[in-house]
Amino acid sequence: MEKLRVGVTGASGYAGIELMRILGRHPNVELRAVTSRSLEGKAVVEDMPLLRHIFSEDFKFIKSDPKVQAQMSDIDLWFLALPHGVAAEYARELLAAGKTVIDLSADFRLGSLERYIEFYKSEHPAPDLLKMGKYIIPELFDISKNDKLIACPGCYPTSILVPLIPLMRERAVSTSGIVIDSYSGVSGGGRKADLTYSYCVRNESMTAYGLPKHRHLSEIEEQLSIAGGTDVIVQFNPHLSPATRGISTTITVPAKFDGVEKIYEIWSKYYAAKKFVKVLPSGKYPDTLYVSGTNRVDISAVYDPRTKNLVITSAIDNLIKGASGQGVQIMNLMFGFDEGAGLL
Amino acid sequence: MEKLRVGVTGASGYAGIELMRILGRHPNVELRAVTSRSLEGKAVVEDMPLLRHIFSEDFKFIKSDPKVQAQMSDIDLWFLALPHGVAAEYARELLAAGKTVIDLSADFRLGSLERYIEFYKSEHPAPDLLKMGKYIIPELFDISKNDKLIACPGCYPTSILVPLIPLMRERAVSTSGIVIDSYSGVSGGGRKADLTYSYCVRNESMTAYGLPKHRHLSEIEEQLSIAGGTDVIVQFNPHLSPATRGISTTITVPAKFDGVEKIYEIWSKYYAAKKFVKVLPSGKYPDTLYVSGTNRVDISAVYDPRTKNLVITSAIDNLIKGASGQGVQIMNLMFGFDEGAGLL
Amino acid sequence: MEKLRVGVTGASGYAGIELMRILGRHPNVELRAVTSRSLEGKAVVEDMPLLRHIFSEDFKFIKSDPKVQAQMSDIDLWFLALPHGVAAEYARELLAAGKTVIDLSADFRLGSLERYIEFYKSEHPAPDLLKMGKYIIPELFDISKNDKLIACPGCYPTSILVPLIPLMRERAVSTSGIVIDSYSGVSGGGRKADLTYSYCVRNESMTAYGLPKHRHLSEIEEQLSIAGGTDVIVQFNPHLSPATRGISTTITVPAKFDGVEKIYEIWSKYYAAKKFVKVLPSGKYPDTLYVSGTNRVDISAVYDPRTKNLVITSAIDNLIKGASGQGVQIMNLMFGFDEGAGLL
Amino acid sequence: MEKLRVGVTGASGYAGIELMRILGRHPNVELRAVTSRSLEGKAVVEDMPLLRHIFSEDFKFIKSDPKVQAQMSDIDLWFLALPHGVAAEYARELLAAGKTVIDLSADFRLGSLERYIEFYKSEHPAPDLLKMGKYIIPELFDISKNDKLIACPGCYPTSILVPLIPLMRERAVSTSGIVIDSYSGVSGGGRKADLTYSYCVRNESMTAYGLPKHRHLSEIEEQLSIAGGTDVIVQFNPHLSPATRGISTTITVPAKFDGVEKIYEIWSKYYAAKKFVKVLPSGKYPDTLYVSGTNRVDISAVYDPRTKNLVITSAIDNLIKGASGQGVQIMNLMFGFDEGAGLL
């Protein structure tokens, strides 16, 4: 089979690095270009020594430039690992040139322009493309080869929507009174020279931040509302924890049924055949350590007869299933590769 | 002023170590004996090298023995840093001999014997003493010099009750629909040779455990019910985080008032004059790093107009304000010492 | 190509887990059995949740038993991830039954029985097999398909011998006055319920241990003596650092040449074509973070004109290049697979 | 006794923070001013929330300005926690105004101007003051009340010179062939918004840096040469380890005597009466965890009969005994306070 020719733009951040690590040894892909505004001309392995056994010194960052990239005829698909706002500009040029775009940013995650403006506090640079963007959690949404603009979900939303959407669709839990607490590893803050993310400030530090209206709340509520068939508003409390990777999410939701049987039935229906969602027995808890470096979501649930709540827990690697791995999984499915190619 | 003569029994665990660290340089106290079943005859600084500049090699653990300790006429007050169930047996002997007892275990935290049996799944070894035990959060409860048996609150409960009890007493928040997520550092699991608490299992690990009925829930609900004047049942979700110390707690509670003004008024009334409770402005978040090594509780709150919830956050050092430091603070107040003696 | 049928005995430790992770997705291998004394009958993914996407619940540990394993006709090669002393007993039975054995323990690393007894302080359980054992660093020693008993080097020795052996062979550095300081991540201590390896004891802890005669010194000196053509005695100072993985090694050795040119020439001759040894330019330092999860050794050197010493630094992942990955690399070369199969 | 009135200039770094923590509760000191170029007007507890129970919101940074500070008649002693080069300018003004200066920077550590220029690669801003500066390790050097300009040793040098200077003075070890490997926690790199010190870059990272001529080597060699009565040149290999605090140092030095008896005799003579140096028995190893938060140096030694080397190990908290704590200890001794005041 001929290899798919791909590029990564904005490859200098943690998601970009992870994309290079995966795509650099993906059996069905040829990684032909990686771009960066700040690292143009630098060898990839200089900036990311972890990849020294995968890339040679000759593999270098080229300059990020939407018009130039649109003209590169030897690349079929671009991953965008760019900040929101910036990604949309690249998407416009690349789509116009007929490329497929898998966007890790937030620019095409929302169907509602108003919601984008409300949560991201800026105009959208390409509102006309919003409709074209397909928000894809690969275990839950259909992907078509004709899709040209894929919006990868955010890291927190992935850990929340994988367990909740099936229960919402099947009307198995309440759509109100939902409280979600998530703790993220520090890489979620990005690769930045910022005192806030320095070792001595984050080590031994557990703390909430950005309450009560984190940007990811916008896509969480939009997707839960679609799945639940009604406006869903949730309390989402994000935190930081002293780990490099991982998101640990705990969802308290008023139950509609006693016990967890119904919940597990639904999850089994949706996920028994899915490679990257593991449903743990009630009483076993997902642990970020055990999904670290993998594309898995582990999920579980207990029922509390005293409160009539379900407590659902999940864990992901924020950089893989929460970003780059999920993007590659989507690509695999779009192009008919093995779903786990490059991801095992 | 003559020094108070104290002893610590069960001094080999993390709370015991912390007690020795504090009491060993407390200006009003003479630490005359520390006991351990496993470390009898061993020098304290052998087992706890951190204390090498405080104790000499001659200061050794003696054998834990309730009857022998009761006869030690040169000790006025005993701290119990023993497992629940065991502590009560020591308390009985020591009280009979006229000693004052400050108990860090759970044995005298609950007023209700039924609740103890339900949550601790064993008979209580001294049910006749339950009434004598005074559960003391020093900022919230009166302490009398006549009290002879003090029950120190648990670590999770301290982080939860300090912010919530004033709001419950003042009827300022809902008494139902409360969800509490806490993340604890690993020292909360105790000083044990257990694979679960080994470095490689806890590093990079965030995970829930013990849902939905952690033992500490018993005292949380008992105290909130007393404060709120009605039966309060809450969802309490404990977790572990890769840190040595600290508890980060996030409480979502349906609000009775728009905004946080009323909440901050109440907190100010209760805590403005308190040395060890710091109320942070709304929008600043308590951080375990910044209470580490201190006896403080930092608390804060935001109001979410979309959900009509208050989100309250708090942080403590689980071994200090969550255990040993609070015990010493109580002793300071009982005996008329400066509240912060040994704790600053 | 038909797949090689392999088993892992003693699969419950960190090296065993890593072997399962690698072999479970190795393209040329069928992993047919994993054994454990303590985990017999337990599902592998129960004990090692990280592998949930690789193995099903049906893949279970069988009982470790050398005689039974020797009779398993469907397994061609056994990896031994057993303690020293125990491994030799398994090797004897398996070799007698015609199996190939790749041993991660120390039992067959030394040519000298006296040295074994001196450093391991016990009799050797199979001294007659010592000669049969081939000590293999795959970049430095020839491997033959006829070899039946492979001794994988220890973790510290790998980090030391890869940079030093070529320099010894080429007589490019002094054979005396060598000082080696190594820091290891905590996984080097094994998977044990031991207070010494608990999170709260290791976090924030840097310390030496086992001076001056760590067991690994025996193979370090034996191999350096062979390479240098004279008895080589070195100072080897091992330490622990608060990390899960990695060994950082710094070797100070009196130089024979000014500058590093000669050193880099030799390294280039030995390693330019080697996938898993990366020679960094002088002034760039190997970092355990950047070899973590890989089978690489990164090495570098600076020359100090003031002391006339070379300072050589290296980094490996102690569980991969320092144990399981290197074992698989050896298997790949023995059986004509791609050297990096399963390791990229 | 009247309190000593002190100020801290450059209080925004880790050493400055630690000074404020210690001086803010020192029984013999009144901390009257803290200065910062970047934090002028900001409340100290805003920038350093750990101190919320020690300082009120009213205690604010004032602007750093040598001329203004020199005119502040209510301050007798200034601590300088400034970068090298800058500190000397403040020292000149403050000394001219009759203040006592305790300088944590490198500006007055060296007696030799040439050495300063060689290692710090810049002119010295106040070479005329070099002679006035007294380099003080309080356990090893006499302090006079007439001293006006104290140079506090660097962190690495403290961990090296405390064990070695007595042995050099007593001619008990070789003065050549010395190799020193040190691992430092990340706070040693300073409080900077720098990707190099970010959590995700330092976590799980062990690496050498700055070989072979770290700036601290200048004072190490100068002091060892004075103590040994001959030019001493050493190999000093600094590294970083994933911890917030601590320096772990291992010194390999050719022995002059068999065994460690002579070494321990000398250490006992120098240190038996010293509160902040603990000599551990041979075979026990200093551990950064157990000096963390203390002003102690723990030291130990083993003798290796095979190599005829002594291997000396030491551990300090780099921010306390390696910087601020040692500065306060010096102040205590200069002004007749208890040596451990504020430090226990």
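General remarks:
Each chain gets a letter, A, B, C and D, in the order it is written, and its residues are counted from 1.
FYI, a residue touches a chain if its C-beta (ideal position, glycine included) is under 8 Å from a C-beta of that chain, and two chains touch if they have at least 3 such contacts.
Quantities reported herein were computed from a predicted structural model and do not represent experimental measurements.
Most remote from chain B, judged by the distance between CA-atom centroids, is C. The chain pair with more C-beta contacts between its two chains, of A-B and B-D, is A-B.
Mean C-alpha position of chain B lies 46 Å from that of chain C.
Centre to centre, using the average C-alpha position, chain B and chain D are separated by 36 Å. Separating the CA-averaged centres of chain A and chain B is a span of 39 Å. Residues of chain C in contact with two or more other chains: 201, 203-204, 242-244, 287, 289-290, 292. If each chain is drawn as a node and touching chains are joined, the picture has every node linked to every other. Contacts from chain B toward chain A in the complex involve residues 177, 179, 181, 183, 185, 201, 203-209, 211-213, 233-235, 237, 239, 241-248, 250, 252, 285-290, 292, 302-304, 306-307, 309, 311, 313, 315. Across the interface of their complex, chain A is touched by residues 14, 186-187, 191-195, 197-204, 242-244 of chain D.
Considering their complex, residues 25, 49-50, 52-54, 275-276, 278, 287, 289-296, 298, 340, 344 of chain B touch chain D.
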